[in-house]
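Two complexes follow with chain A in common, the first pairing it with chain B and the second with chain C.
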Partner chain A sequence: MITQDIRPILSALLRNRTGAVLVALQVAIALAVLVNAVYVVKQRVDKIGRPTGMDIENIFMVTSAGFAADYDHAATTAADLSWLRSQPGVRAATLTSGLPLSGGGSQNTLYPTPEVKGEGTSMNYFDVDESGIDTLGVRLVAGRNFRADEILPEDPTYRKPVPGFIVTRTLAKALFGTEDAVGKVTYDGLGRPMTVIGVIDHMQGSWVDWDKIGQVGLLPRRAFGPRALYLVRTAPGQRDALIKSAEEHLSVSEPRRVLQYVRSLDYYRDRSYQADRNMAIFLVTVTALLGCVTALGIFALATFNVNLRTRQIGTRRAIGARKADIVRYFMVENWLVTTAGVLLGAALALGVGYSLSRAYQLPRLDLYYLVGGVVALWATGQVAAWQPSRRAAKISPSVATRTV
Partner chain B sequence: MMSYYLKLAVRSLRRSPGITSLMVLAIALGIAVCVITLTVHHGMSSNPIWWKNDRLYAVTLDSWDPERPADEDHPELPPSELTWRDAEAVTRSDIPLRSVRMHKAGGVLSSGDSRVPARPERVIARMTTAGFFDMFDVPFRYGGGWKATADAGPEPVVVLSSKVNEQFFGGADSVGKTIRWDDREYRVVGVLAPWHPAPTFYDLNNGAFDDPEDIYVPIGWTEKLELPSGGNTNCWNAEDIQSFADFLNSGCVWIQVWVELPDAASKARMQAFLDNYVAGERRGGRFKRPNNNRLTNVDQWLVDNEVVGNDNRMLVALAFAFLSVCLINTVGLLLAKFLGHAAITGVRRALGASRRQVFLQHLTEAGLLAAVGAALGVVLAGAGLWALRIMYATPRDGFTGLMHVSSWSLMITVALAVCATLAAGLYPAWRVGRIAPAVYLKSQ
Partner chain C sequence: MLAMRHISKVFRTDLIETHALRDFSLEVAEGDFVAVTGPSGSGKTTFLNVAGLLEGFDTGSYQLDGVDTSGLSDDARSRLRNEKIGFIFQSFNLIPDLDIFDNVDVPLRYRRMKAADRRERITSALDLVGLGSRAHHMPSQLSGGQQQRVAIARAIAGDPKFLLADEPTGNLDSLMARQVMDLLEQINEMGTTIVLVTHDPELARRAQRNVQIIDGQVSDYRPYEPHAPAAREPVPLAAGAGA
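Here is the complex of A and B:
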């Protein structure tokens, strides 16, 4: 039945093909864009949604800078920390050398032997004190936390070796494979041994675009001045109130330094992902508009075709075609045109996907996206052609007997 | 004749308002999306000191690890910064008209005068040499830069940005006044006019679209105050650094060096000087990588440092894909519409209108459509850029500054509109001109 239908429709299409070719071209471009845009958006959404490993909603940071000649960094940070820790609602606070997810931080290379040869392993490190793990809200899965007496004094030139440190599971795996990391030794760039004393489950480091973002190490060291950076973890729901009171207190508590920022940690996370988020928003917007324009184009062209063929439809009705036959004629015609476009579009989509995967070093376009895109465009075409087809079916057979 | 065609076009467009508005909207959206992405792309990739593109060169030397390049993704490039000792040696050459070596630093600015109410403020400083201001055509509001003798001394002099001068001196002429930076007093010798090069081509390391620095201080103070870099410091070789002097002598790169070379001859001489310097260091056991000393002009510097990201290029491609769909759509609709009125055209042809006249008449209609579409497109683009400014509302003024409808965007819009008319109108107008009048007269 359908195959019988297709032949006259096809020959009619081929006789008057410009409009059909234009619609097919639109469908092809729309498919290529849709499939790849959805794919890229999915990558970005996944990237933004990766677990941070930290209690990110309940952490805020404070940064200050000492500037007077008689500024005492050790005394000031001790006073600040004891004030912060004494506030009701504060769970833990630490001095730190860097801010996770902020785009700024320090990186070091670790080597398997003291000769410091061959490929090292990158470690994004944060100096913290014995409250570091508690403050970040990361989970210790093996070994132990730092003791207060292990925290090394501030050391701007990094001269003193760090005998023991804590690593994420990802870093442990990069360093030692699947073996239990606690007690294992690795070597810094000067060949000095560093022993793993604890392993935390997961923590994201400084740079969201870094492919080794999970290779984080915590070092037991007081971050050096005259800039001070504190991380503070609060009880759920108390963060914003504490940001306010911390700002009020710390901006006046010590005149030999200035308070720079008091901000939530998710402010920095959001800022780091801003480009990804906006890219996703832009892609979704343009792709949605593209879908609308394509659907409207199909709709408008179908409408015109129906108008143009009013007499022909009337004649067909007069010689016995049912309403359903008329509807089917236009739906099949639309389906043929969309299919031609989809075939061309599939090739185009794969080509675009290939060049994107090269530009971004992404995995090749997943074919499920292509199948989904094809189905979506078929459906769009049929929906867009439905109303004009219904209108065609309503044309009265008597039209055939009138002139114009 | 033209006004008659216009009248016909208006009448024809008003006859089917639904289709007309669809076509106008399609053209407008297509143009708007293109204008938005092109404006941002243009802003990001544009050279803020294009008039000196053939004179200013970033100096880079490959002093990196013999085992691996500084940037694995671009093994052909040397590190983008120099070591302190190399920067010092290179800028001692008298071949360039001017040369600068510099880095970022932190610090707190406070008023030396208790009567000034401004609160202490953490600022970003640029430690640089006297040539900086003339070399990069930095505009002054009051005073000027410091003398070259102030670099080595170093003299306690400072140039303030207009923002800082506003904060600490209420925007008044502060030349000769003093201001405290950390725990020392510095004499203001110059105040900049507002200056927002975007991107900050001279140092692209920490946010190419961040604002430039708040204060400028002679680089001699770096050594004297033992200031670390407030920007990037990259080291490839774990060295036993015991003191600041060790750090200055180390292989860590953290200094930007630029030279101004007025002609090809001086550029060739400078290149020879660099090669010669590196050859000498090589004999001393440094520079174990292949010889790769570069003088890079600003345009190429922006490309090498990937100021325009992949995302941006992808968006431009997407915008043009979108525009092409919009135009194909319009071609289809115009064609259907023109052919739908073939009977009228047939009568006009029979009454003596030439093919050329029919063609021009329909092209006028397409042109009118594109013009209205382009006008609406500019409005939409303005709205879109405004939305983008909100999406990117951060302290990065340099970036949001790119997002407004500029004369450049308007030029692009006009060009796109003309192309759109030609692309969308040409074929349908030609097609309808070829209608054989007899067919339509017969059915009447």
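Here is the complex of A and C:
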């Protein structure tokens, strides 16, 4: 029945196509932008939401810098750690060389042979002590943790080789494939052997935009001074209180250093994802605005058509159209315009998606997004045309005889 | 049969009440050709709108072909309009975006007729009004008289019992007016009841019955008298207007 009605509606539409063409173009652009924007937003949201592998909500960090000539790094860090570890609510604390997810950290290249040839494998490493695993909240899945007596003393020159270290599963796979990594040997840039003693399930490293963010290694070393960076893990819900008390205590406990920052780890994570979040917010805003403008355009076209055809609508009513017939006329007309726009927009969306994926090495546009966008615009069109269509149905049939 | 009894209809605006019809009673029998005349503002269009179910009324009763029309739903009224009534308007009211064929098709589609049925009716209606060869012209490509003939084709394509025409010749010159009148007579002879509102006494005289409305009431009611054959000078449809 509907399809039978379409032909005359379409031929009438084609005779007055200027407005319809403009609105269809608007729909097309809206669809192309919508689909690609939602796709990009989805990727950003996924990126921000990736598991960190760490107990990120309950970790904070402390940085301090010794400045006095008689500043004793070893003594100060020992005192700080023992104070931190003694606080109720603190589960573990460690001195470390870098802050995960912060954008700052150290990277090293590992090689399969002592000759140090070929590409090597990148490792984002963190110096930690025997509390490192516990402090990060990462899960050991094979091998063992460091013993306290294995932790190398501080050494700014890195002259001492690291005999055993812990890797993430991702790094293990990059180094050794699917083989069991524990006990395997790899070589640092100087060709010195390093043996894997443990494997942790997962941990994100320093740089959120790095495609190898999961290739992390933990090295048993006391980070050198005079700057000290501590990671502290608390019991759930205690972090903020402990941040405060740590700040109070450490800023006065040792006059030969200054306390720099005491902040939660998720502060740094959020800061690292700021650009991604801004992009997502921007795209959502633009898309919402475009959606509103498109709905307004459809609404305006339908309203214009209804006003233009007042007498025609009255005549149709006079010769037998029910109110529902009038509503359907305008809904079908609108649907035809939206569909033309949606078809054009789908082609546009695929084109834009393809060139975006070429330009930014993004994965190709998922067709589900296109289907979703098409449905969304169809729905937008019908919602926007509903009120004018209802208004058309209210036009009295007597308009046909009363207007000259 | 079309029977109005004691109909009144009031238009209320902020300033005034207009009694467009007052205690208005009229019967139109099947097969009649009634011409309605009267001064401007007397209520002719209001009567026709009530008769054609385009407007309601305040008091009284109105039976259309045996159906009591008061209390009918909007859909039921639309359906009655579609099936029993053909409307012809002073300004033709063709749909400008549809060609002649599709214009005649409009009421048939609202009746949910099959395509083959519709095609047959459209063709024969257009043939009857002498515009069969113009089926795919647009209304703007036709003269006024031709447009009104298309409107007549549209009105009769659904084979209604009643044809209501509000000054159908008001926008036409006298030659075209006579063609339209000839056509209406021809349709009446085929059995359709016609109510024609006109200002033209010449045309009114050609009807079987004349009704005069003054101030919302039937003031003069001239019953059927067989009219003199001399009054009829049919103008050949296919000639003159260039159909």
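Here, the second predicted complex is superposed on the first by the 403 of 404 C-alpha atoms of A that agree within 3 Å, B and C clash if a C-alpha of one lies under 4 Å from a C-alpha of the other, contacts with A are read in each partner's own complex, and residues count from 1 in each chain.
One rule holds in what follows: a contact is a pair of C-beta atoms (placed from the backbone, for glycine too) under 8 Å apart; a residue touches a chain by one contact, two chains touch by 3 or more.
Computed from a predicted model, the values in this text were never measured in an experiment.
Novice: Touch check for A:A300: first (chain B), second (chain C), both, or neither?
Specialist: In the superposition, A:A300 contacts chain B only.
Novice: Once chain A of both complexes is superposed, is A:P8 in touch with chain B (first), chain C (second), both, or neither?
Specialist: second
Novice: Based on the superposed arrangement, let me know which partner A:T113 touches: chain B (first), chain C (second), both, or neither?
Specialist: Neither partner.
Novice: Between chain B (first) and chain C (second), which, if any, makes contact with A:S245: first, second, both or neither?
Specialist: neither
Novice: With the two complexes superposed on chain A, say which partner A:S82 touches: chain B (first), chain C (second), both, or neither.
Specialist: neither
Novice: Counting residues of chain A in contact, which comes out ahead: chain B or chain C?
Specialist: The partner that reaches more residues of chain A in the superposed model: B.
Novice: Identify the partner contact of A:Y360: answer first if only chain B is touched, second if only chain C is, both if each is, neither if none is.
Specialist: A:Y360 sits against chain B, while chain C stays out of touch.
Novice: Name the residues of chain A shared by its contacts with chain B and its contacts with chain C.
Specialist: Touching chain B in the first complex and chain C in the second, residues 403-404 of chain A appear in both lists.
Novice: For chain B, which residues are in contact with chain A within the complex?
Specialist: 19, 22, 26, 29, 33, 106-108, 110, 119-122, 180, 182-183, 228, 237-238, 240-244, 246-247, 309-311, 313-315, 318-319, 321-322, 324-326, 328-329, 331-333, 335-337, 339-340, 388, 391-392, 394, 431, 443-444
Novice: State the interface residues of chain C toward chain A in the complex, per the touch definition above.
Specialist: Its residues touching chain A are 45, 48-49, 52-55, 74-75, 78-79, 81-83, 86-87, 89-91, 93, 95-99, 102, 105-107, 109-112, 115, 154-155, 158, 166.
Novice: In their shared complex, at which residues does chain A touch chain C?
Specialist: Against chain C, the touching part of chain A is residues 1, 4-5, 8, 11-13, 15-16, 311-312, 315-325, 396-398, 400-404.
Novice: Which residues, counting only chain A, touch chain B once they are in their complex?
Specialist: The contact residues of chain A facing chain B are 18-19, 22-23, 25-26, 29-30, 32-33, 37, 40, 65-69, 71, 109, 116, 156-159, 188-190, 226-227, 257-258, 260, 271, 274-275, 278-279, 281-283, 286, 289-290, 293-294, 296-297, 300-301, 304-305, 307-308, 356, 359-360, 403-404.
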